[in-house]
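Which chain is which? They are A, B, C, D and E, in the order written, and residues in each are numbered from 1.
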Amino acid sequence: MGWQAVDWQAVGVSIRLALATTAILFVIAIPLAAWLAFSRRRWTVIVEAVVALPLVLPPTVLGYYVLVALGSGSPFGRWWRDTTGTTLAFSFTGLLIASVIYSLPFAVQPLLASFAGVDGRLLEASAVLGKSWGQSLVRVVLPLSRAGLATAGVLTFAHTVGEFGVVLMVGGNIAGETRTVSVSVYDAVQSFDYATAGLTSLLLLVFSLVVLSATYAFQRRGSLLWAPR
Amino acid sequence: MGAAVSVGTASKALRLDIRHRRVRARLDLDLEHPGITVLFGPSGAGKTTIIRCLAGLDRISSGTITLGPTLWDDGGRTFVPARRRNVGYLFQDLALFPHLNVAENVGYGLKRMPRASRQAIIDDALRTAEVPGFQERIVAELSGGEAQRVALARAIAPRPDVLLLDEPLAGLDDPTRLRLRSELRRLILHAGIPALVVTHDRDEALALADQLVVLIDGAVHQTGPPAEVFDRPADAMVARVVGMDTISPARVVSVDRGTVRLRVGEASVVADLPSWRRHPLAAGEAVAVCLRGGDVGLRADPGSAAPPDTNSLPAVVTGIIEEASLIRVQVDAGFPLVCFLTRRELQALGLTGGSRVLVLVHRRSVHLAELAPQ
Amino acid sequence: ASSPVPAAPGGSDSAGPDRVVRVAAAADLKFALDDIIDLVEKTNPGIRVDATYGSSGTFLTQISNGAPFDVFLSADVSYPQQLVEAGLAEKADLFPYAVGRLVLWVPEGSALDPADGLGILASPGVTAVAIANPEHAPYGKAAVAALQEAGQYDAVSPKLVLGENVAQAAEFVSSGNADAGIVALSLVLSDPLKGVGRWVELPLASYPRLDQGGVVLSAAQDPAAARTVRDTMLGPAGTAILTAYGFTLPGN
Amino acid sequence: MGWQAVDWQAVGVSIRLALATTAILFVIAIPLAAWLAFSRRRWTVIVEAVVALPLVLPPTVLGYYVLVALGSGSPFGRWWRDTTGTTLAFSFTGLLIASVIYSLPFAVQPLLASFAGVDGRLLEASAVLGKSWGQSLVRVVLPLSRAGLATAGVLTFAHTVGEFGVVLMVGGNIAGETRTVSVSVYDAVQSFDYATAGLTSLLLLVFSLVVLSATYAFQRRGSLLWAPR
Amino acid sequence: MGAAVSVGTASKALRLDIRHRRVRARLDLDLEHPGITVLFGPSGAGKTTIIRCLAGLDRISSGTITLGPTLWDDGGRTFVPARRRNVGYLFQDLALFPHLNVAENVGYGLKRMPRASRQAIIDDALRTAEVPGFQERIVAELSGGEAQRVALARAIAPRPDVLLLDEPLAGLDDPTRLRLRSELRRLILHAGIPALVVTHDRDEALALADQLVVLIDGAVHQTGPPAEVFDRPADAMVARVVGMDTISPARVVSVDRGTVRLRVGEASVVADLPSWRRHPLAAGEAVAVCLRGGDVGLRADPGSAAPPDTNSLPAVVTGIIEEASLIRVQVDAGFPLVCFLTRRELQALGLTGGSRVLVLVHRRSVHLAELAPQ
């Protein structure tokens, strides 16, 4: 067994999926986390807890519910089918929806912790200088939350790469479309092909090591500039 | 001004009448006529609290803040947020953005504009604040004083409707402060931006203010032109904060043809009858006698005759304290009394602790204030 | 080697039996084995059977690494054989117990008629066909073979969606996401799925025999009790239950 | 089907496992995150990346490697069996080890982001006042990182409750010992017992909602005290 | 003292000879004899940098810091960490712990001890810093000045070997600062803790220092007792920072029997020959003439005769600035010159801008400094 046994197509799907999930989650999670961090309304606590819920459901179970929600049995699934003529389940789009739901807490939680740590006086300074909420978020909170952004990105990306319970359930393991590298490693293990499983895992490890090191190095370099002396 | 659009009247007065925390104060700022109002008071008086409310950083508990006809805050449902008030604010603890360099900090509040004019405004503001050439510097690497000046530049750069400066010159060394003090006044007047400056430094208050507001323990004790407030503090507490060097409780013995005779401690003192008092003085009334160290003269020869209209009190020197620009001499003249001498004078008098001297105070230099705030 | 077993949990009735048999069973046995266990426990008071259902491949890995099971009922007879070769079980303790059967299954409201055979899967209205993953699931391998036998594989393969195991393939159909599935007869006969769809069995000859075999492991704590379970399953009452749930007996 | 169908024993195992994992991970992750946050050595970047690795491996694969490492085939597994007379794999202890490895990044990452946000001058103040590194950590960094601690705790706890890939592989799904509630839900789904799966999931959701809300409420109340005005 | 145990010698000197950032300075502190050394210099001089190195918060680039025989830092491998140096440090930006209340902040540095004595020490420190009764207050709710005093209390409470105070009284209002200044000196001396106090405030430097170190642009320009440094600044830069009110370049015309004749701008000035200069003055040499405003007298009558040994220069008044405690009069006497008057004197002289006056300066008040640092 050698490198040709590695399912490169699945590697490609995984990377596409992880990148897309991370990108979408940044768009969703940043405003959500900012609202949770800075709003004083009491029921933010409830929302925070709801956001954390995908964590406690076993992936297969979550996957099952997503599958049912996307399926022709659900109003949403029927509507989608009638409008687009395609099914969401067993498609890359469906997988993406599931991944976004599943990884939401991994993006929101670190951002929340990080945003909450930004010195409130800097937000006051920004407000007095005429900046709206959103402008302050972009120009003050985000740059000062680089550690949190890096953590959120890394957790989301890595978690999406490693996820296979939901993917298996919603994706249907279709080569080139919904077979991710984690599913292919799982399949290899299931068929006792430990050599390929090991090799692919190694590949995942090295790849992640490079991505993570780069992310952290970037984040660290930046932070040194205003690090406590 | 965003949501705060004036309707019907051209007069642009910023009025504040609030209760918040320890503060229960009323204050008017005329934004039509640029000038500097100094909010002067000791530590913990509530100065920062007041300008935070003005800037929209704190919501008041009750009362109102209005700009012309526009209600900014009524402690209830109405609240114009900070970003719509177009005020320039210098934070006491600066609050510079640590992730931006100096130029980016100063340019932060500027609206969209071409790069070149933006650059020009930033350079201008930095030059005004006497930190030119600091554009590319990192905030963490500024010294305390440099950071202060950068924060000042940041507040000024967007040309706000009103400047709120919380201790703008604290933390600077003397020559820089001296230079910036007149520079700041010139700059504010030149820019035509009315300013409310918070300070606890007397020289600063005097040098900067067109109008002085004395805040003590959350309450406004006196308002007026700085010279008037410093010369004629309304009560003993104001006298203390404006630096009357001697403040002693006294009792009116008699009132007579434009003068007042008082008993101060063991001594008897005559003062001009103050024409500007709210109510006439009566014998037996308790007041505070206030003297400025620079108005008190000393004679080494206790037997010599006093000039006309001058109190002459025999006294003993109890302390001589050398300060940078003058000498502070403490004497006991029946009550403790402080006198300032130049070195020149001290040398001529040849005083030491325990020397017997004659204290000379002109009647018009004896200021009478209320013992307690009215 | 005898591997000590972690202390057995107290169970719900503390005065209960102390002879516990742990059975690792293929997922497709779930419904049949539950009935057989009732039978074992009723006829042999003092024996309790703890069944764990899952993927046979996973069980093989786990048992190879010392998992404390007494009996392994695999979906594929080759797995127990590997355990014998690895010295974890005696050849004599190896036993076939059933042959799995494959059905073509469509949801209840579907316009398709399974009686028309695998050819219906090629029709353009069908976009997703669920089978178990042929890479490692025996029912998946069999389904592919059946498709090839029917000459439909090339037409259908782009529509295939793969379940982790045959139960997940059935889920794809029952949740309305797949238009049809090739799944185990035992599943479509089970209580929860009985009314969910219409099915027709595929000819046994059209795919390699799904020989299901089991083994009593050498490490079994109570080999006698373990063999009791095996014997009950292979006895007349046991085989009747298996047949009712859609398994063909190995002899046939 | 009703409440009696819920596998209460598995619920108990899950809660015990999640509590133990969270407790152990706090002990491991706090010093580790502190070292990563404050050390200036270059190779902390590598360590950071290594810590994040359990994220990218599919749980079953990770579970497989842990199983092999703990199992009777490995030197460590044999040594453990010879010394203690028990096997690690398929025991609660083994499950705990696997959970700790698997959840490590969920504890370390939020702590790291949070620690890095603590004002360095406060650490200087603590040092000048004679406190050692560890004392500063306990008395300054931790109290100022309550948001991060809560996030780490919540992510670890919830993730352990929801995890099932590793648990299934390493634990072997043994009732009362290694069958967790997520595995039992998975089993219910696999046997088409959607009622029980739904009921158990609901239970998980409600329980988590309560725990999470309480955690956040606690954290929020505390933080208001020194919140930016 | 932890790792820093003295061996062999009883002398406990803290010696610093470093290069770090802009600083290249050498400094000795005698920790045997408690007393206050003031590090005095303008903003950005490097004062904070130096005491950070002393406290072990920054590592020096090269040089050495030693306490007695123990090396604290050599810019290389040796480095005694901050926590083992047993110094008390007041941060310029305070760095109070936001999650602890005032009492917990102040008690933070205390070693294990019974609760009661701990409480007593905290109460004591707070009383000393003039914030008694603040024990339960939350740090975020302190005013700027209150926070400063709490930080001071925190630095003092553990009774360190040496106190390093970065601008301990900046940000306080005048009366409080005045009170705390003498209080601080008394307290430091009473506690017997040697202290290095950083300040840019002249009065503070004078009031606090036993020994004054003038730091400008990273270099030590002069060291000595404060009165000496203030009276006899070594060079023009020191003269500026110690507040010589007039500093003018001059050229020596002749040296003669204990006096020096100089040309200053348009004017001719005679000074006593300074005995303490490092090298004798020669004709043609360039020096800086420094005068203190309080040493300069004014006469309204330009024709009157001058007292003996006194320069008398005809001049024109160019500006009159009223400050809180005195009047600053700027005149042109052939070179720009500043004179301080008390109000009393100003009134007697009746000066206005443009008045012609006679400037009187005693020869011994004309201080000669180097033009550039040596």
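Just so we're on the same page, a contact is a pair of C-beta atoms (placed from the backbone, for glycine too) under 8 Å apart; a residue touches a chain by one contact, two chains touch by 3 or more.
Just so it is clear, the model here is predicted, and its values are computed rather than measured.
With centres defined by CA atoms alone, the chain at the far end from chain E is C. If you tally contacting C-beta pairs for each pair of chains, A-D comes out on top. The mean-CA centres of chain C and chain E are about 90 angstrom from one another, to the nearest whole unit. If you average the Cα atoms of chain A and of chain D, the two centres end up 19 Å apart. For the pair chain A and chain E, the distance between mean C-alpha positions equals 58 Å. Chain C has its Cα centroid 35 Å from the Cα centroid of chain A.
Among the residues of chain A, those in touch with two or more other chains are 64, 119, 121, 124, 186, 189, 227, 229.
Residues of chain C in contact with at least two other chains: 58, 61, 168, 171. Of all residues in chain B, those that touch two or more other chains are 57, 93. Within the complex formed with chain A, the residues of chain C that make contact are 55, 57-58, 60-61, 127-128, 130, 133, 135-137, 160-164, 168, 171-172, 175-178.
The part of chain C that touches chain D in the complex is made up of residues 1, 3-4, 6, 9-11, 22, 24, 27, 30-31, 50, 52-54, 58, 61-62, 64-69, 165, 167-168, 170-171, 174, 190, 192-193. Chain B makes touch with chain A in their complex at residues 55-57, 81-83, 85-89, 91, 93, 95-100, 108-109, 111, 138-140, 154, 158.
Those residues of chain E lying in contact with chain B across their complex are 41-44, 48, 92-93, 143-146, 167, 170-176, 200-203, 205-207, 227, 230, 240-243, 245, 292-297, 322-327, 340, 342-344, 362, 365. Those residues of chain A that touch chain C in the complex are listed here as 64, 67-68, 70-74, 77, 87, 89-90, 168-169, 172-174, 186-187, 189-192.
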